[in-house]
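Labels run A, B, C and D following the written order; every chain starts at residue 1.
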């Protein structure tokens, strides 16, 4: 049973220094509020995992939370680079960032293997790519025992904690999300501990088209975080703030501008007391 | 693009003597009308594939369509045995029936592998079971290249034809089914040719909770078959006729009774002209 | 044993042997357990538990229904009532891969056609020749993986020398193999069968040898009759106790469920 | 080349080089094609095709949207407009495993930061040291599998010696490797790149060597300037033709899409 607790309490209990942490959400339902809470609580040495590190990981990396990043596409979609990510990779600021990168198909199937209780998944992926060597030791070849065909195996991902954002939970902690649901179900089920932040807590979850339900007993905690995916979007609640994504380019280019933004919008924010 | 054709034309075009044919539907949406059409068209030497062969396969086996059955649970749920299936296995009537049996997890993942374009899938299945030897050569052991753990591999299923029943199609041949959707998506996508029979053709598919959509371009044909899942049920259209399942026990026990039933309810039925 | 007094009870609170079995099995489940429910007798027991002492139990069926709360016993594990009352309905590959396989489910609840002293289960064939069986049974369904991947397993089966056999005709689902170490050798990491509930009593594996031992008898059943109904020399606990008879509440729950369903 | 006349056109029907590139790429798609659309320039071209000569084209994005019909160009491939206009929305594992991987999709439409003479693509790093790159690019996304699993691939990329390079700094997505046989040796069964559309013209792999050859130039572009914008000695077809200029309809479709979106 997932207990419904405050976001601050959930992060304090579930996310520890040095943990492997996955915040998932594919453009939609990105758990920004939870990421900001992790920054506020000063977590360090995290291995951050995410298929598409975008602004939230740029912010967490710039704030010095991460030691390592495991990912498959890192950018500000439609805008350009992630400057904090690049500064960490290219210059080691504020701390050096190791990277391990995969393809989307590889990452998605690493979560699938983790969610399925298997040590690996088999894919037709990475073929002919330099990632075959750079993503080792978590990518290897595997031979079909029936046909002899050689395919690619990817190692399961089992984050210590996965955090996803959803539209609704009921009072027992059952969760429903809908719209583009990406790899969130797999990320939550692959983790040792799973936290879901939600827009709203309702008396009863009404099934909706495209809805994915995560039963309360498969989760650790649920935390209320209205607008917790902003500036990404929550289908049925609010739209993506594209201007924020465009503005981030300038804010994040410069270390001082970034630090000022971090102080004002995250560290001094009331979110800490939510 | 799936052309919308009559059920008789679809079966005539897609199902050939000697084919490997999967009719799927897990209690719900079992494609009875299509199975009866296959009987009427006198198909022979089929390899019939289905996780849960129940009445429709008992009828097809009794009618002499099948040479081989690949399955994971064969019975009349809540009632008892499949007498035509047993008569074929135990006495070779009306023709001998070879069997290849698996576990549900094995069969489901054989379809998953087929739908995924992979030659095999990896599972924690069959452990310590005599099926490990009886399901060979389509079950083998496989070693994780990362951990060294030994797991079970199952060979992909790629039926020549898969047939499923759905609630609705639109006029372009896009299909939506909902409720318990079982392994139907995987069965359809694993096949070389896919036929969907539907309760209704509508102008526009409205997304429903739990809906699974099969785009027209992933299917071969769509055929209108109202009540085509009877005596199983079609959620939103009609309920399961439990009395039919109970009555089947007596009808199917005796070869003559069965043949009389077949003549009256399938061979002489207007379904042939639908 | 199937010719018991079903349907001919004068006192509506007196239980048949099948009812006693079902109630005893239901009591094995705890509130908030997650339970993967096999077809047949297990479904009745699991739903009695849900309607009596374990309202928070989560029932999972291989049709993909998670948290089903049927009002009547389903004839099949894919009945619409299961889907309509479930917290979530997922595909069949998903129920096996994402929910059962990762040891996410606490209790697997299985039936059997034959069971041996190590609680290995046969639901495939009766007879010594697989290709020419005396009786062709339904086969595996989800049972081998329920037996392998649930954190523990409870078996519910009517007891007679035909069902409790010295040697299985086919091992469909692994119990304790031939004793300690065999599950691990087969690649399993779960406890396996912790209890077998029959219409005569309750058997539990010995902690050391893993062989089933009679630990409880149902009211009115003596140990000798259980031994006589067992196809191997049955070990008997030095402290056999008697199961409490069904309460009125338990019997009512079971009988209401049974209206309109089978088993 | 990026400093073209964008935004400063007097005649609204005269196309910029970027617009010419997008329109030429759009024309490569056929009605009823299924097209896996990479992020960036490909999305503009694919949607121009959909709004002009290929209304039946099925656009598939790695966010899991199948049959999306956006009214404006999405800023990201997971924009809500894609989901709301799609025939189906599936999970990310499903879009890769059930739809892309089995060679179910006809055309993969990709961008590039660097491309070489065999249409291999780099979107990972600029610089010779992976661990200390001169420029860190976004990485793979779905591109390596789009390049490997779509039945054929079209690349859209602005042409300059910085992008059309002799030697990639990193092979992110395989084109034709070092020539015939290399895709098969990597385990691929698909055709690979059949066309590269740039802002200067169109290149196609030679049937025998698989090396890219200039086959078309855009209006107003001469062959010499394409050679000058290529970081290797560019092969030129003996029959280079000139691409037809954009029609009014094509330009209008592109410009309407671009309102409110990027690229």
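FYI, a contact is a pair of C-beta atoms (placed from the backbone, for glycine too) under 8 Å apart; a residue touches a chain by one contact, two chains touch by 3 or more.
Since the structure is predicted, the reported quantities are computational estimates derived from the model, not experimental observations.
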Subunit B and subunit C share contacts with A
Which chain pair is joined by more contacting C-beta pairs, B-D or A-D? A-D
Separation of mean Cα positions, subunit D and subunit A [Å, integer]: 28
Whole-angstrom distance, CA centroid of subunit C to CA centroid of subunit D, is 58
With centres defined as the mean C-alpha position, give me the subunit B-subunit D separation in Å. 41
Got the subunit D residues that touch at least 2 other chains? 97, 101, 149
Contacts with 2+ other chains: residues of subunit B: 117-118, 123-124, 149, 151, 185-186, 210
Based on the touch definition given at the start, go ahead and assign the chain network to line, ring, star, complete or other. other
Touching chain combinations (by label order): A-B, A-C, A-D, B-C, B-D
Which residues of subunit D touch subunit B in their complex? 32, 34, 58, 66-67, 87-88, 97-98, 101-104, 149
Given the complex with subunit C, which residues does subunit B contribute to the contact? 26-28, 51-52, 71-75, 77-79, 81, 85-86, 89-90, 101-105, 108-109, 111-112, 123-131, 134, 149-152, 179-183, 185-186, 210, 212, 233, 235, 239-240, 242, 245
List of subunit B residues in touch with subunit D within their complex: 1, 115-118, 174, 185-186, 189, 213, 215, 217-218
Please give the residue numbers of subunit D that touch subunit A in the complex, ascending. 39-40, 62-65, 74-80, 82-83, 89, 91-93, 96-97, 100-101, 124, 130, 132-133, 135-145, 148-149, 170-174, 177, 182-183, 186-188, 261-263
Of all residues in subunit B, which touch subunit A in the complex? 117-124, 137-138, 140-142, 144-147, 149, 151, 153, 155, 207-211
